[in-house]
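We call the chains A, B, C and D, going by the order they appear; numbering starts again at 1 in every chain.
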Amino acid sequence: MSFNTFGHLFRVTTWGESHGPALGATVDGCPPGVPVTAEMLQHWLDRRKPGQNKYTTQRREPDEVGILSGVFEGQTTGTPIQLMIRNTDQRSKDYGDIAEKFRPGHADITYWQKYGIRDYRGGGRSSARETAARVAAGGVAREALKVLAPGLQVTGYMVQMGPHGIDRARFDWDQIEENPFWVPDAQAAEDWAGYLDGLRKSGDSVGAVIEVTARGVPAGIGAPVYGKLDTELAAAMMSINAVKGVEIGDGMAAAALTGSANADEISMGPDGPVYNSNHAGGILGGVSTGQDVVVRFAVKPTSSILTPRKTITKSGEETEIVTKGRHDPCVGIRAVPVGEAMMACVLLDHLLLNRGQIGEDLPGKIG
Amino acid sequence: MSFNTFGHLFRVTTWGESHGPALGATVDGCPPGVPVTAEMLQHWLDRRKPGQNKYTTQRREPDEVGILSGVFEGQTTGTPIQLMIRNTDQRSKDYGDIAEKFRPGHADITYWQKYGIRDYRGGGRSSARETAARVAAGGVAREALKVLAPGLQVTGYMVQMGPHGIDRARFDWDQIEENPFWVPDAQAAEDWAGYLDGLRKSGDSVGAVIEVTARGVPAGIGAPVYGKLDTELAAAMMSINAVKGVEIGDGMAAAALTGSANADEISMGPDGPVYNSNHAGGILGGVSTGQDVVVRFAVKPTSSILTPRKTITKSGEETEIVTKGRHDPCVGIRAVPVGEAMMACVLLDHLLLNRGQIGEDLPGKIG
Amino acid sequence: MSFNTFGHLFRVTTWGESHGPALGATVDGCPPGVPVTAEMLQHWLDRRKPGQNKYTTQRREPDEVGILSGVFEGQTTGTPIQLMIRNTDQRSKDYGDIAEKFRPGHADITYWQKYGIRDYRGGGRSSARETAARVAAGGVAREALKVLAPGLQVTGYMVQMGPHGIDRARFDWDQIEENPFWVPDAQAAEDWAGYLDGLRKSGDSVGAVIEVTARGVPAGIGAPVYGKLDTELAAAMMSINAVKGVEIGDGMAAAALTGSANADEISMGPDGPVYNSNHAGGILGGVSTGQDVVVRFAVKPTSSILTPRKTITKSGEETEIVTKGRHDPCVGIRAVPVGEAMMACVLLDHLLLNRGQIGEDLPGKIG
Amino acid sequence: MSFNTFGHLFRVTTWGESHGPALGATVDGCPPGVPVTAEMLQHWLDRRKPGQNKYTTQRREPDEVGILSGVFEGQTTGTPIQLMIRNTDQRSKDYGDIAEKFRPGHADITYWQKYGIRDYRGGGRSSARETAARVAAGGVAREALKVLAPGLQVTGYMVQMGPHGIDRARFDWDQIEENPFWVPDAQAAEDWAGYLDGLRKSGDSVGAVIEVTARGVPAGIGAPVYGKLDTELAAAMMSINAVKGVEIGDGMAAAALTGSANADEISMGPDGPVYNSNHAGGILGGVSTGQDVVVRFAVKPTSSILTPRKTITKSGEETEIVTKGRHDPCVGIRAVPVGEAMMACVLLDHLLLNRGQIGEDLPGKIG
């Protein structure tokens, strides 16, 4: 992680602002020979795309991704892949007021203090549009994972919207694609629709918790100490706009457990170790166990709201601000495909790192 | 963050196992001319040292740190500082059983699978002893911070032990040094003592939540996107042994807030912007606001417990395990100085990064 | 340096192939507030542009650079700057033969072996077109250097073409811009013109030595051991296509000197230390002395020539190859602006690194 | 390469000064299960050790290496390996004069300017003693190479001392171990002995050129653009103290060749491609061809000499300096094992990188 690049062997550098001509990602270190087309990546971008239903920003961007390099005759060449998305709907007049005033809870003020210059037209680099580039890069990672770890499957979904959590007893993988919130609980989907509708009409916004699960991750991925898979995933998720908390497995709740309750007991299955529970979220000592890798992150509510808030101007005068424009009442919804993309990138990176240091087969056999 | 190194300009590489001859940290990129002596670092190590009271492991290690390079006549030279701590109490016979069995909830099994070799005498590289090296490196960071940001103050404390949280209404900075748990709530300190005593006698363990606050952090530290100060702190804390969750400011609770409640309103104070609340934990868009930087992390309970748990052996046989030896009923206690050290290292690193890219004064003035 | 990225704080990632839709550079970590426009960068690209005279490839590319991000209202914002150059003249039919045969002395064969896939239309990623992106990034570095180190001046020039060296006694800075070879020796320029003409007509090519001098580099830039300024410059220059040797100061000739002859004696001038000679090329112990920083690098002759050479095909059959198409008889000519760009990038990066670790003023005064 | 660390997956961080208590290397990312003992490493350190004959410094250091971590029961564990060498002969009184005066051609003055503090007792971090740590780390790399690339063999030797080069017609691998200069030409060894003896008696010093050849490097190692194997080797060699020039294959002489002369023609051998010459030094487009990888570097003469040179003091007074003490008339001799160590480290690192991105088998078959 360094400013605008993440990853070690599979490295993604994103660039671009919300109201410039384009944004994108430079993907370096991808294995060669992976089938990749713009269509494959578009599939994932379409899931994140704004304006798809009344619950997300009405900004209408086709978010069409182009591949400018690194792919030849439908396959990755092993050299850097440039993914570019043009900005088409840059109705910057909506943002006029923000040029002088700082939105509370937004990067406006810190960007101004740090850089002394700021693309006020729409948050510039701090805009959530940056995450479109991550989703495109994550699409490349997913295709490479298909080749390297065929059974591996990354799925994100919402588990909490504002104060309303899902009921784990109703958890159903098949529900995730059936509602606009990617929530695995049909009842919650119904309840949340009404709740969010009210919020949208009031011009306010709300936070959310997203969970991303990777099934079929082989044991042995990750590294101890600063390269813990937990660490890498925490950094990946926390780097998403508006994220303020990250949990692996039981997360913050692990604090309340006793050692005897927290220990995921091990027995021997036909294909190796089997765990009787998964408090650890599939990671022990920073290295994957072969269980599901489970990460959750909290997205704070958008700071661009219609409710007037007290603030100051660049010249230091106290005032109030109301942010008009087209915003998401719950940006957390669109963070679901972003979290999936980050999970895919981190896992691919660590599969490559593991292959580099250890080789294609793990040396430690059990049984 | 890469395996055993963290930081960009101020870079710390730790090395060593719990039962080898020594462990330590190589600290690279420290500014020259910072007064540093072994005594200064020892102060912080003594806080983390085991065996200080009945609530931490009875392993007795003096944890005496020596400076082997990078300091000349009491000042840093700008070249790498080698900090070494000899292991003296390596009663490895206690661990005999673990050579063949895997402790549930411990890195034993994943290390074995990944590396095919494992220092079974005490967790090897996965032992919490590694954190002694972080505390020593954090001591160097603290001394450099004194020079670069004189008012900056890093303080860690426990806010939850097992299911028992502190009462924020009773929060008192002065209480932190007055009890063995570094808890800022005198009543909690008393209650927890009894609770932990019972747990210790039963041979079980419990998790904890630690909060680390940095006061006096100047505005403008950090960077957007992957270099967000939130991201760096999340990675730093999550890289500590047994940590499974990290929160910045309101953390996971931010999900439940509306945008109007979450917005930290801004007014103008005599020395610049003043915030009416701190839901953001002192960081907006990845960059510090000048408010307190607030991080929390959850430490899971130790997996080395006397309660028998089901597990398997290296040869794949199902069995039970009881971990004798000298363990911490609540390792979270000793994680407090470790969290402080990580905060100090991250802040120093980002002060240097900011000075590198931006210079000694921030260009964006307000008022 | 890692695959497609170089630099520490000022980091450049290049991407793109010779016959894809575009190529470019992602420039990260640039200080904010630096005046940068596409026109400023175009100035440097025009110097490298092919087809300008009969001595360089007749491929006609306008090499027009666009800025897609990181610049707002004519100033850098401190966020990533995306520089894109579209490929317009992709006459790929010229390269048909190369799809099956490997050019001796060219990356064709190793790319094929390593990646199993290769954009045969024009060398793909191994094409010297990649260096256009470096020149664009170097243009940004030059503008930042103007702000950070106003007197600093980077100048490249040829000192040898094939077996013909310049006469140092005739060295004249003003001649550099007066001839198509950027040679600071008017007589050499005349002689080389005839020599190269003959070579071009014969369909052969020749190597060259380029020297890049930076005047006005402040003392104290660089770092010891692996971050030696010599090391960084060597890596930067060696990373340019076709470069096979790099020298700092006296370079390889330093081997033949005695210690007494090699010592650059020091006396005291009005503004600090003055050196009586510059065998060291302006760098002692990896750190700049304040003298001119002098680097030389050798470019091997193009492997794409009309002279038939023995080679093999992908199916392992022995054959001969003649590379038609439009090639440079002396690619070294166009390497001059590339060498300048690399020097500018390395110096800016180390100015920022030095400011990060040490601050804006050097602590060690003399006198 | 960053300050005191080099390598990507196999990463070496060195630390320590010539007159502190110890120096060493932290080796991170080594594959697990590699047999390593202190004795194995000592073998290589003994070759570099000073005081072995009258041609190297009379400082007597046993240079005994200890392994403090990362090796368990004679095998690497995959976690960081700490290698420590204690300084025993620190006769610092010899250096008294240097505390105030700067040696021309030495890092004394730039360290002082940059850091404002300097361990004047013996060059501190700029001392060639730092290279002992590299040799130890290189020993680990050699053992890992034995496992990963069994036929690979790294051999260094001198090809020039002062103005005297070897005669390539007399090149004999078997002579290298037979003389104190590691020169593969028996006649040169004899001639140089007399030459160096005279120089030593006069108190002067001389430079040298060292060549390091790696035989048995598989094709496909390295990467294009900034990760070119040429680039990595150039950086590795240039980072050695006193090195001022690096060449790959024909190096600077490549400039004088025509394209037809420089092209290493390819034919088909029983096991794959065979090259009729090796101007490229075994690397095309940054990627190994399977031929010998050949690197040369020039070491400048020691600046610590008995011949008086003009210089200045810290207070800016002009004066003369004569460096007494025990120095090498030709430090190039002891640079031979250092060059070998750097070659071993770079090749291992790139073998791991290649395995990470590409896997254990190269996808591009020929024939």
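The rule is short, and it goes like this: a residue touches a chain if its C-beta (ideal position, glycine included) is under 8 Å from a C-beta of that chain, and two chains touch if they have at least 3 such contacts.
Keep in mind that this is a model prediction, so the values were computed, not measured.
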| item | value |
| --- | --- |
| Repeat of interface C-D, chosen from A-D, A-B or B-D - more than half of residue-number contact pairs shared | A-B |
| Pair sharing more residue contacts (C-beta pairs) when B-C is set against A-C | A-C |
| Subunit A and subunit C, separation of their C-alpha mean positions in angstrom | 38 |
| Whole-Å gap between the CA centroids of subunit B and subunit C | 45 |
| Multi-chain contact sites of subunit D, meaning residues that touch two or more partners | 2-5, 14, 29, 32-33, 78-79, 114-118, 125, 224, 358, 363 |
| Of subunit A, residues touching subunit D in the complex | 9, 29-33, 78-79, 224, 352-353, 355-360, 363 |
| Touching residues on subunit B, where the partner in the complex is subunit A | 1-6, 8, 14, 102-118, 125-126, 130, 160-163, 199, 204-209, 219-220, 222-228, 230-232, 234-235, 238-239, 243-268, 273, 276, 279-281, 283-289, 296, 298-305, 307, 309-312, 314-318, 332, 354, 358, 362-367 |
| Complex interface listing, subunit A residues touching subunit C | 2-5, 11, 13-17, 20-24, 26, 28-29, 32-33, 66, 68-70, 72-73, 75-82, 84, 114-119, 124-125 |
